[in-house]
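You will see two complexes here that share chain A, one where it goes with chain B and one where it goes with chain C.
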Partner chain A sequence: MNAGTGIKVIVTMIGLDGHTTGAETVSMILRDAGIEVVYLGCNQTPEMIVDAAVQEDVDIIGISSHAANYDQVIQVVNLLRAKNIGDIPVICGGNIPRSRFGSLKGSGIAEIFPPGSSSEAIVGYIVNNARKAYAAPIPEALRAS
Partner chain B sequence: MALPMSADAPTDICAIVRALNAGDMRTCARLITRIERSEPNLVPLLQALYRAGGHIRIVGVTGSPGVGKSTLVSKLVAVWRKRGLRVAVLAVDPSSPYSGGAVLGDRLRMKEHSCDEGVFIRSMASRGQLGGLAKAAGDALTVLDAMHWDVIVIETVGVGQSETDIMRHASVVVLLQTPMGGDDVQAAKAGITEIGDIFVVNKSEHPEADHTVRQLEEMITLALCLHPEKTWRPPVVKTRATHGEGVADLAGHIDGCFAHLAAQPETARLQLRDRARHRVGELLHYMLEQRLRSGVGLLPENLIDSVVARASDPYALAAGLLARMD
Partner chain C sequence: MKRETDYGYQIKPVYTPKDIEGFDYQRALGDPGAYPYARGYHETGYRSRMWTQRMTAGLGSSSDANKVLKKYREMGQRGGMQVIHDRVSCSNIDSDHPLGRREAGILGWPGSSLLEFEELMEDIPLTGQSITVLGSSAPSPLRLAYLIVLAEKRGVALSEIHGSVMESPFENYMGQTDVQPLELNLKLFLDVCEYVIRNKIRMRAAIISQHFQESGGNNAQALGVVLSMLKEICGRLIDERGLDFDDVATLPYELVTVGSRFFEEIAKIRALRRMWAKLAREHFKAKKEKSCHLLIAVHTSGRTMTYQQPLNNIARCAIQTLAGAIAGCTALDNATFDNAHAEPSELAARMSLNTQHIVAVETGATDVVDPLAGSYFVELLTDKVEEEGYKMLAKIDELGGMIAAVRKGFITDMLNQEANKKFLEIERKERLVVGVNHLVIPPDEEFEVPIQEVPPDSNAESIARRMEQWKKTRDQAAVRERLSRLHGDAKKGDRFNLMPAIIEAVRVYATAGEISGVIRMARGLSYDPFEMIECPFELHQTACA
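Then we have the complex of A and B:
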């Protein structure tokens, strides 16, 4: 069994950002760690991402943000909270200037992975921080006799 | 007894059934997750849902990897939405046999339906299940059934020749091919008239498209000669899913196939019996498997070793185990 077994994530671009390479690479890294990735691709609005999060019942959302569309990333967090699913962490990767880290985290972005972040760091963060209630193993008492 | 649920998701059976009947997507989504996790305490709920269900049209879409299934499903959903129908899509993609993880890419092709209250799309990893579907697919359909969709579509994993599971879950199966290379036709030959109720030649802008259509028509004619008892001749439809071409035509044929089933109650009854039989067989299989795994004493190492040493054999051991189960 892999570290990521039982975890389901969304990986997506947001807004008009068309740089899919990073998101596609991350998707494959996560897959190889045992994680199930719902890949949404580009041209996603915050509403579309949150809609997908509800229907897919994911445990964490990863947004690849190369363009300077941070407002939209924060909008995802706000929409999740408004829908009462603010317990789904939102993480961000891509070419984000360090000077923005503080304000993004202050707005509810759980973690930021700048270019050069290791696969281990990303997988490790997801394994430890994905919404836990459903990724937890089934209590022994509930298993079929 | 209940596992932790999010604030809004109901836990007791009546509340869950009510929420599903009212079309609550969050309850549905959470339930499908719990089904995928094989939570055993879901069985009474699934029993209740199954007994109340069975009224919804289920369309299966299958075909080799990359033939355009998801793109076509998205366009079909658009046609149905224009008619005011509410649609659920269950899209299965393969799990990596090495890591168990998956990249689920079907939803990516169905963007046009995001944020539409009348459409529910759920991606599902096959988790090692062969046959084109996921183990959880049957129960997920039972849940979707309770939500009063007008149509449910299941897209299978593109697995080439072994998509037979879909016939046991969908009333109408659409089998896609492309005109390229002829490999698809080869792959489909084995089960062509067994699996498909409707054949689609997608990517029909390709110059070989008409040729592929003719090949399919010939095969269907041949198969009908061999099985004169069959009352439905599968139509062959050309589509260009990326541009929506031929999709309205396909929707018409799907209606036609359901109408045919309605007009042939005996055929429909046989299909339902076959499905029920298959579902029972599936569950029996899982239950046996679980028993074998959970019952530590059931398959002791020394018995396995006796097979390894060839003092016993797998047939004797399997029969012995079966005999010992209540």
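Then we have the complex of A and C:
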């Protein structure tokens, strides 16, 4: 599978959350899809994530959240906007209650992938919504309808 | 659909005496209460002692967690309490640290000072129940110090208190992270274990496989890993601290995760008892029979609690609780049906505790010890998981033991591979999970379960501000003096026990961030693991720089 060739993504934990299994599994899925993954690991502040996004010139940021620290995810969006790179979508995965989806999306989180999300859904979203054009054409199966 | 154990043993449709040919009852199992203890440590099982039924608490401020503990007592939690630290105090930083104030009290109890412990334990007895406070390895010495000082203040004899407040440094590599270097966590863990043993304090050290399995590890790997951890820690306490194995053996507390594959989980726990007994007798040359007993508590698996159709988790929790009971555990705490959404709500906690009470009093499962003994299938599974567990133990031994295996990245690599394998098994429908990849319902047919929110008046910032204000009210000279002593002691080498100096610092309300900070400085590390704040004290003799 190479649907994601040419796309570069940050996958990261945020704050002091140490539940890394989800982030590491998603990194594997994305790499298998040909996406270049910059995995930042634990103990990342919103500032550090945004700095890394600038330095690495990534096309999308994926944040794994298992510690109810949503304020910090929103902080990432705000910092990106302040740096005029608000066009980098921020997506989020983890055990986030559905009742929070509305307020998180209202604050600029592009998409939320709760537990049980399929590889296809995650890769498909990234392929269709990453910031810039890239080399490989979008395969029919993953193209947004 | 796969019909195999999580470690890859193909399960046959039927088992007969042929599958356990040569089975020798006395050698393989022994009666309950007899070596090799596969059937448990008590001749009459739960008739002599019921397992400790408890739930995890910790959310919001210390007073909030205190209210929850009191509520749990009303719900029938009398044998023991269990509290988990928030992510901030897990890393030995204070709630008024720039990172602390973002998430103090969000995912646990903000336990970074004696003050917080006093509030947590207000009107809750220190005796008559086991006191378990865990979260990560780094705060282990602080937790013991809180307990010692509070017991003194209440005039309670330390010998009357039991429970578990220490946690092995290995959890850091199994998803239960703090930010302390392995060497420092190991040194402090050995300090606190040595202190407890030498002072005959009945506190257990969590050397546990729970996080390993919750992060994806399989049953056989878990057995190998837990035996390796026990071997490493007991070995170091004997070799480096000059302790006797029969004293060291009173220390470990093993928390096993139990998932829904009922028979395999029971087999794992039976095998673990046998493997520990053999390690104790054959490797460590135990002189006391009691040293062959390993305290085994069960945690029903949070990993199996699905986000989809959360009420299904009540059924999973019941099956797992029954497995834990039949396996013969000492204590049991449940994941709750809302586990994939938030910290337990009161409803979910009551449901889980009641699940334990139902299994204990309504099913008859507690009337008989080890009721599955002699089942061709269960005995075969017990042998199989033990055999595979020993292979993992041998592999880790070859790498030079658990610490060497951690340093070489062996443990984290193994976990990543297993977690990925488990994910793909579900994605490819090789394993079915109702509501996730089988019998899925549309999101609009889902219904919301009540979500436990952090009380609005005890958000992270208000916990931080309280800590900031309160710090100013302490006897500053005393805090500085005790921290200076600790700093001096911390320069005296790895085998110089820091517990006495830590207890003295806790007594004058020095905080986790301060205590950990001066120890770090003495070892040439930055005061703050995140290098965001400086040491606020001018330490005696050595300048704070």
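Going forward, the second predicted complex is superposed on the first by the 131 of 145 C-alpha atoms of A that agree within 3 Å, B and C clash if a C-alpha of one lies under 4 Å from a C-alpha of the other, contacts with A are read in each partner's own complex, and residues count from 1 in each chain.
Note that in this section a residue touches a chain if its C-beta (ideal position, glycine included) is under 8 Å from a C-beta of that chain, and two chains touch if they have at least 3 such contacts.
Worth saying up front: this structure is predicted, and the values here are computed from it rather than measured.
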Which superposed partner A:19 touches (first chain B, second chain C, both, neither): second
A:36 contacts which: chain B (first), chain C (second), both, neither? first
Which superposed partner A:54 touches (first chain B, second chain C, both, neither): first
Could you tell me if A:28 is touching chain B, chain C, both of them or neither one (first, second, both, neither)? both
For A:85, is the partner it touches chain B (first), chain C (second), both, or none of the two (neither)? first
First, second, both or neither for A:115, with chain B first and chain C second: second
For A:6, is the partner it touches chain B (first), chain C (second), both, or none of the two (neither)? first
What's your read, chain B or chain C touching more residues of chain A? B
Chain A positions within both the chain B interface and the chain C interface are 28, 43, 45
Provide the residue numbers of chain B that touch chain A in the complex, in ascending order. 1, 3-8, 25-26, 29-30, 32-34, 37-41, 95-96, 98-105, 107-108, 111, 114-115, 120-123, 125, 287, 290, 294
Across the complex, what residues on chain A touch chain C? 15-21, 24-25, 28-29, 42-43, 45, 67-69, 71-72, 95, 97-99, 114-116, 118-119
In the complex, the residues of chain A that touch chain B are 1-2, 4-6, 8, 27-28, 30-41, 43-45, 47-48, 51-52, 54-57, 84-85, 87, 133-134, 138-139, 142-145
Chain C residues touching chain A - in the complex, by the definition given at the top: 87-88, 90-91, 99, 102-103, 106-107, 136, 175-179, 215-216, 306-308, 340-343, 415-416, 419-420, 423, 427, 436-437, 443, 446, 448, 451, 454, 530
